[in-house]
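See below for the structure under consideration.
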Amino acid sequence: MSTLAREPFTVLWLQSGGCGGCTMSLLCAEAPDLAATLASANIRFLWHPTLSEETGDEAIALFEAVLAGEVRLDALCIEGALLRGPNGTGRFHTLAGTDTATIDWARRLAAVAEHVVAVGTCAAYGGVTAAGVNPADACGLQYDGRRPGGALGAAFRSRSGLPVVNVAGCPTHPNWVTETLMLLASDLMRAEDLDSYGRPRFYADHLVHHGCPRNEYYEYKASAEKMSDLGCMMEHLGCLGTQAHADCNTRLWNGEGSCTRGGHACINCTAPEFEEPGHAFLETPKIGGIPVGLPTDMPKAWFIALSSLAKAATPDRLRRNATADHVLTPPAVRDIRKR
Amino acid sequence: MSTLAREPFTVLWLQSGGCGGCTMSLLCAEAPDLAATLASANIRFLWHPTLSEETGDEAIALFEAVLAGEVRLDALCIEGALLRGPNGTGRFHTLAGTDTATIDWARRLAAVAEHVVAVGTCAAYGGVTAAGVNPADACGLQYDGRRPGGALGAAFRSRSGLPVVNVAGCPTHPNWVTETLMLLASDLMRAEDLDSYGRPRFYADHLVHHGCPRNEYYEYKASAEKMSDLGCMMEHLGCLGTQAHADCNTRLWNGEGSCTRGGHACINCTAPEFEEPGHAFLETPKIGGIPVGLPTDMPKAWFIALSSLAKAATPDRLRRNATADHVLTPPAVRDIRKR
Amino acid sequence: MSTETKRLVVGPFNRVEGDLEVRLDVADGEVRQAFVNSPLFRGFERILEGRDPRDALVIAPRICGICSVSQSHAAALALAGLEGIAPTDNGRVATNLILATENVADHLTHFHVFFMPDFARAIYEDRPWFATAARRFKAAQGESVRRALATRATLLHVMGLLAGRWPHTLAIQPGGVAKGADARDQMRLIATLGAVRADLEERLYGAPLERVAEIADVAELEAWRQAGPDGDFRLFLEIAADLDLARLGRAHDRFLSYGAYALDEGRLYTGGTFANGRAKGLDPAAITEDHSFARMEGREAPHPPFEGSTFPDGADETGYTWCKAPRLSGLPFETGAFARQVVAGHPLARDLAAREGANVRARVVGRLVETARTLIAMEGWVRQLHPGAPWCAQGAMPQSGRAFGLTEAARGALGHWMVVEKGRIARYQIIAPTTWNFSPRDAVGQPGPLETALVGAPIRQGETTPVSVQHIVRSFDPCMVCTVH
Amino acid sequence: MSTETKRLVVGPFNRVEGDLEVRLDVADGEVRQAFVNSPLFRGFERILEGRDPRDALVIAPRICGICSVSQSHAAALALAGLEGIAPTDNGRVATNLILATENVADHLTHFHVFFMPDFARAIYEDRPWFATAARRFKAAQGESVRRALATRATLLHVMGLLAGRWPHTLAIQPGGVAKGADARDQMRLIATLGAVRADLEERLYGAPLERVAEIADVAELEAWRQAGPDGDFRLFLEIAADLDLARLGRAHDRFLSYGAYALDEGRLYTGGTFANGRAKGLDPAAITEDHSFARMEGREAPHPPFEGSTFPDGADETGYTWCKAPRLSGLPFETGAFARQVVAGHPLARDLAAREGANVRARVVGRLVETARTLIAMEGWVRQLHPGAPWCAQGAMPQSGRAFGLTEAARGALGHWMVVEKGRIARYQIIAPTTWNFSPRDAVGQPGPLETALVGAPIRQGETTPVSVQHIVRSFDPCMVCTVH
C-alpha cells in the first residue's frame, strides 16, 4: 500500500509561552530529515511559524479558513505554555497582528481540530514557564502542572475523541513529535496508548536509565561526585534517569547524545512540574544519607541493601574511574573460556 | 587549521579470507558518510576492491608501483583472514590475475607500508574463517587466534614502528575503521593506544554492556529465557556483553541498532577465538547453575550474592516483562516529590 | 582476417563482491571460450561440521557480508525444518522486511557502486552520454554513487530497528525474529522507507516506484528510454541502447528461482524454473553438484547436496576453480533478480526473456524493476506487523535429521542442506546463487552461465581487461565469497 | 504624490524566532515611523528569583531554544564570577566549540530557513533570479533549505558529542564542561565539521571557507557577485544588487559586541563598540535599561541591570511592547554578527560599515562571512582538546555576591546579571541581543535600531505585510523569546 493513497494529514502549529526549543529540536530530525519523515506519512504543515512562507495577513487568513471549516485540520500542535495572565486576560501573549490572546486562538482552533497535540512540557503542563512564582500564570493545554485542567479543561476531547496528546519533554525529541503525528495520521494512537499524564507510551513507557552508558557504575553504585566525573550521577548529581519516563538513552539525541551521555543528570524533563524539584537540579537530595529519588517500583530497603552490598563488591576499576573524568583503568582483557 | 594542508594519507585495501562484511559495514558510515568522513581527514583510498574503478592490470600496476616505492602507502588495510593452506602454499587464495598467494602480497605490501591495519576479526586473528577444523589454515596478520604470530609474525612492526593495528569486530563498525584511519592520519595513535590484543583502545576499552537497554533487567537478573524475550540475555541466552570489549551500545549500529538491541546476544565478536566459545553461541554455559562468563573484574561470590538478592528484590514489572516479547507492565508513573 | 587464439587472464576483478579471475580464449576480436575461476576457498561447509546446529546462525552468515541475512535465512529455514516449526506471522513479515532490506540494499550497491562506474571509464569519453555518466557514476566519487550510498545507509536503518545491525545479525530465528517491533518502530520504518522511496523516485527513477513496477513490455521500456522521466534509470537505458547491451552476455536462458518472501499464502515472487518459454515447478531433488572442473574431490559423479562433500584438492590439474558446478536435472541454470522476475511472471521480464533472453541490459533492468516492486511490498509489510502478537515460535532440535532451507538472496537461489547426527551438524552443503551463475564446466562439458554469456564478447584492440567482459561479468552481480564458501 | 498617513499592523511575523508585531505609519509609499512590539511576556527574571544560583543553568537556557547555549554560557560565566573560578583549558575550548556550533547553526537557519524564502515569494516572479531562488529557497521545500537543515542537523552532532543534546544542555559549567572528549571524539568532531565544511563549500559558498573569510573589501564582494563561484552566497549577492538591499534598513551604525570565544589569550572576535569609524572598549557599567515605552513598572529612570526589575504592568497604555530599552551610555546600539565582525575588525565588515553602514545586505554578508570564519576556528579547536587533561574546575558558591556574564550569542551581545543573597538568587536581569536591536523608544524618544531601520522602507501598492519591511526585520535575525523573557 502506498502512503500516497489518501488525503494529506494537515497540521497547524502555534507557539505561545515557550522558548521555541521544541521546534529547534524538531528541525534536527534525521535519518530521514523532517521533510522526508513527514512526507513518508503524507503529513502536511498547513502553517508552522518557523517554516512557512505566509506572514501576517496571509497567516491569519489561513487560521480563519480553518475555523470556518474550509480547511480540514487534522492536528493542532501547540508549542509553549498557555498564558492566562495578567488577571486571566491572556494578554501576556496576544497573537501578533490579531490583538487576540493566543490562549483564545488555541481554544478556538482546538475545537475544530481532529487531534490536539501539546508539543513540549510547556504546552503539556506549563513547564519552565510556570516555574517559580509563575509570573505569567502559565499552564498546559489540559494540565496545570500535575493537576488536570489547563487551558482546555480536563474534560476536553478533540474531535477524534482523544484527550490532548502530551508530547512532553523540554525540549521534545524530534521524533517524539514526528512519530506521534505519524501514529495519529496512521490512526494507530488510541487512548490506551497514552499514559496517565497523556504522554504517548511509545516513549514514556521507557526509563531514561535504560541504555545509559553509566549503567555499570550504577550497578555498583560507583558514583560521580562532581561534574565531569564518569560515575553514575544518581547518588550525588541529581540524576533521575531511573524514574524519568523517556527513551533518551535508547533513542539518542543529536547523533550520539543524551543528557547522561553528555555528563549531566537527567532532570526528568518529560514530567509535569519537573521545573520544581524542590532542590537544586544537579544535586541529589538525601535523607539520612540515602538518596530520596529511588528507582521506580524499587522497594527502598531493597535498594539500600543491594546498594551497600554492591558498593562492597565494586571492582577497583569502577571505583577509580567513577570519580575521574577519563578512564584510568580500562576493563581487563580476559579470555573467555569455559568458566 | 585546515586538514588540506598536507599530503593525502593513502590507503590500499586488500581482501582475502573474509566475507567482505567489514567493507559492507564500512559503506554504512553515516553522519557523515564515508566519503565525507575520509575527506575530512584527507584520507585517500589508492585502491579498494569495492569502490575503485581500476580492474585487473590497472590494479596490479598500482600494487607494483607501491612495492617499487613510486607511490607512498600510509596504511595497508587487510580485510579477511590470511590463508596458509593448502600445505603452507597459501593457494587457497591466489590473488586473481597474479597467480600469487594473497598472503604473499600481504607480506610484501606490509613491508613497505607506514601502517598496517587488520580490518575485522578475520584479518586480526583468523576469525570465523579459522573456526572448527580451520580447513584453509587461516590466521590473522599478527595473531593466530590468541597466539601472537600469524602471517607477519609476532615481531613485525610497520615502518611507523607500530604493530598491526587490529580493528577487530565481525563485522567492524564503520567508524571503528574510519576513526582508526583518522587517528593514524592525525598521528594520534601510539602503541599505548592499543590494548593487549592490538585493538584500538578507543573502542576496546568499553564493554558492550555499557549502554545496553536491557540494563535494568540485568540489575535484577531478570532474564530472558527464549529468543524474543525482553530480559537480560546474560543468564541464559549467551550474552557476553559484560565481558566483550566494544562500544556497540554507546555508538550504535545502523541507526538505533546493536546486537542486544536487536534481541540477540553479544557473542564477543571483537575477541580472538570468539568463533569457538566451546558451547552453543546462544546458550549460556553454567557451573553450579551460575553462568560461567561473569562480568570482567567481578568476584564471583559477590556476583552470586548480589544476584540472589537482586532476584529476590526484582520488581514485578521486570519479572513479568523479562520473559515476554513486549512490555506487559510499563514502569509506574510516580511523582517525584521532595522526599 | 584470421588470427591466432590468444589467452587473456583477467583479474583481480573488482567491484564484484570477493575475488574473481576470468580466463578468456580470444580470437578475431572476440571471446571464443571463457573459464571462470573463483580463487578463494575458506571451507565453511567443513567449519560447520561438528557444531551445534543452531550455531549455523552465527557461522553461515559470515560466508558473505553482502548477503549475510539471506544466508542466515537459509540456515534458519533448515533449522526450522529440523525442528518442525514455522515462524509466527509477525516473524514471517519481519523476516521478509529484513531480507528485503538486504536485497534492495544489494541492488542499489550493485547498480551504483559496482556496475555503472564502468561507463565513467575514459574508454567511453567519446560517447554523447559520457559527461553525465562520469559526473554521476565516477567510481567512489560520482554524485549518484554517493547519494546511493547515503540512501543505502538510511535503508539499512531497517536493520538497526529490526535486526540489531547488518551484516551478521542473529535476528532471524527458525521461529521468527529475536526482537519485536512496536508501533513507533513501525513509524520509523515507514519514515525510513519513505526516505528511500523519495530518493529513488527523485534520482534513480524520476518517477513513482509504481510506474517502474508497472512497465509491462519492451515497448514501454523503449518509450521510457526515449521520453521517460529523467533519472539514472533512463540514463542507463540510453547507454544500453547506444552500446547495444541487450546483445551482450546472453547465456542459456534457463532461469531458476526458489521463490521469495513468504506471504500469508504463497510468495510475493513465485519460484520455479522458466525455460523455452515455459514456467515449471521445481524439484529440489533434481539438484546436484558436479566436481569435474572444481578443484574438489568427488569427481566420479554429481552429488545431491545431502550427500555432497567439500574436499579441496590443491593438486588437481583439470579443475580450474574452487567452485563446484550446480545443475538442475543435469542442466546449468541462471539465477538472480532478472531470473526471479521472469519466473515470477513479471510481464516486462517475461517479454524481455521472450525477445532477447537474459543479457546485460535485461539483468540490470530486472534488478531495477525488482527494487521498485520490493520497496512497494515492504511498505505494506510494515503495516502488517502486529505489535502484541508473538514474534518467535519456539522449537526443539532433534538429535538427528536432515533438512534444507531454500531462499532467494539478492543474487538469486540460495540453498543450505543440513544433516544432523547425534545433535551435531554432520554435513552442511551450501549452493549460492553465484555458484549457479559462475559454475565451471561439468562432466559433459556444459559451461556455466557466465562462461556461456562471455562467448562472443567483443574485445577491442589492445584491451587486457576488456570492458565488454566487465559489463557482462558485473551484469550478474557476482559474489565470489558466496560462490565458494 | 502625497497621501494620508496609514497605519499598518504587521503580524504574526513568522520566520523569526518567537512572535513579533510591527506597527507602521505609512505615507507616500514608504514607512514614516515604526513601532516594534514584542507581544510575549513570560517572566524568566522573576522565575529565577529565590532559586539555588546553580539552577540558572537549567532555567536560563529555556528562555530561548535557538540560543539556549548562549544563555547557559552567560549564566555559567556569572556563576564562575560568583565562585571566583575559571574554566580549565579543555573546558574553555570545548565551551567555544559548543557555543560556536550553536552560533553557526543559527546562522545557517537564519539564512536558509528565515531569510531567503522571502525571495521565493510570488511577488518577485518577474525577477531574473526568481526561478533559481524559488527552486532553492521556497519556504520549507527549497533544495537549499532542505540541504541546509540536513547540514545543520549534522553540525549539531557536535552537541551530541560534547553537550549531550541541544537545545538545553547542562554541559557548560562554571569550571568548564560536564563531559570530557577522547581522541575518538576528536575524530568524530573532525568528520562532522568536515561534512559541514564540504556542504557549505559546495552549495552555499562554492569555494573554500578560507576564501570567504578572506574577502577583504566591498570591491572583492562585488567581484564575487559578478564572477565568483556559483552558490547561494553569490545568488544572494545578485538578488541584493538587483533589489538594492544595501540601501535598505540602515539604523544608527553604532555597533556593540562583548567579544566572542575566549582564546588562550584574548578572544577570537574582540569585543567593544564601533561607531563613527572608531572602535572603543566597553564599560559594562554604562549599560542601562529604560522602561518608558515598555509595559513595565519602573519608568522613573533607566536601571543598571544589577538594580533592574521586571514588574509587568498590563494596564499600561503608553507602553507598546513588553521589551525594555537597553542603552549604552544612553545610546541605542545595534548588535549581531555584522556588528561583531565590525567591532572585531574584519576588513570587509569595516569596509562595509564605512561605505554603507549596516543594512540588509551587510547584515546577511556579515553572518555568512562569520560562519566561514567560525567554522575554520572550530576545526582548530578540535585539535586543541587534550584528552587526559582536566575538563571541569570545581568551585564553591558563596552565600552572597553579584556577578554578570557577558557573551556573544548568534544575534549579538548577551548579558546576565545575577545577585545572590543567602545562597539564593535575589535578582537576575537579562539583556539579550534582540532586546538591543528591537528596543522601543526611550525616555528621550530615541527609537531602537529596528525602528530606525524601518523608516523609509518602500511599501508597494496594496501590501499589508510589506516585503521590504520583512527583509529589514529579518535581516536582524530577531529572536523575540530572547527579547522579552
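Think of it as A, B, C and D in the order they're written, each chain with its own count starting at 1.
Keep this in mind: contacts are C-beta pairs under 8 Å (C-beta built on N, C-alpha and C of every residue); 3 or more make two chains touch, one makes a residue touch a chain.
Given the structure is predicted, the values throughout are model-derived calculations rather than measurements.
Asker: Check A-D against B-D and say which one is joined by more contacting C-beta pairs.
Answerer: A-D
Asker: Measure off the straight-line distance from the CA centroid of subunit B to the CA centroid of subunit C, and report it in whole Å.
Answerer: Their C-alpha centroids are separated by 27 Å.
Asker: Could you grab the centroid distance between subunit B and subunit D? Build each centroid from C-alpha atoms only and quote it in angstrom.
Answerer: Centres of subunit B and subunit D (C-alpha means) sit 45 Å apart.
Asker: If you average the CA atoms of subunit A and of subunit B, how many Å lie between those two points?
Answerer: The separation of the two C-alpha centroids amounts to 35 Å.
Asker: Which subunit A residues touch at least two other chains?
Answerer: Correct list: 30-31, 33, 252, 255-256, 261, 279.
Asker: Can you list every residue of subunit D that touches 2 or more other chains, as numbers and ranges?
Answerer: Touching at least two other chains: 157, 182, 188, 192.
Asker: Taking the touch definition from the header, please name the shape of the chain graph: line, ring, star, complete or other.
Answerer: Contact pattern: none of line, ring, star or complete.
Asker: Report the residues of subunit A in contact with subunit C in the complex, numbered from low to high.
Answerer: 1-4, 31-33, 36-37, 39-41, 175, 178-179, 182-183, 186, 188-189, 193, 200, 202-203
Asker: Within the complex, which stretch of subunit A touches subunit D?
Answerer: 15-25, 27-30, 33-35, 45, 48-60, 81, 83, 85-87, 89, 91-98, 102, 127-129, 131-136, 138, 170-171, 226-228, 248, 252-265, 267, 269, 275, 279-282, 325-326
Asker: For the complex, which residues does subunit B have touching subunit A?
Answerer: So the residues of subunit B in touch with subunit A come to 30-31, 146, 195-197, 201, 204-207, 209-216, 218-219, 240, 243, 245, 249-252, 255-256, 261, 268, 271-273, 277-279, 285, 287, 292-293, 295-299, 302-303, 305-306, 309-310, 312-313, 315-318, 327, 330-339.
Asker: Mind pulling up the subunit D residues that touch subunit A in the complex?
Answerer: Touch list, subunit D to subunit A: 9-15, 17-21, 37, 39-43, 46-52, 54-55, 57-59, 62-66, 68, 109, 113-114, 117-118, 120-121, 138-141, 146, 149-150, 152-153, 156-157, 159-171, 173, 175-180, 182, 188, 192, 310, 312, 314, 322, 387-388, 390-392, 394, 464-465, 470, 479, 481.
Asker: Mind pulling up the subunit D residues that touch subunit B in the complex?
Answerer: Checking each residue of subunit D against subunit B gives 154, 157, 182-184, 186-188, 190-195, 197-198, 208, 210, 376, 379-380, 383.
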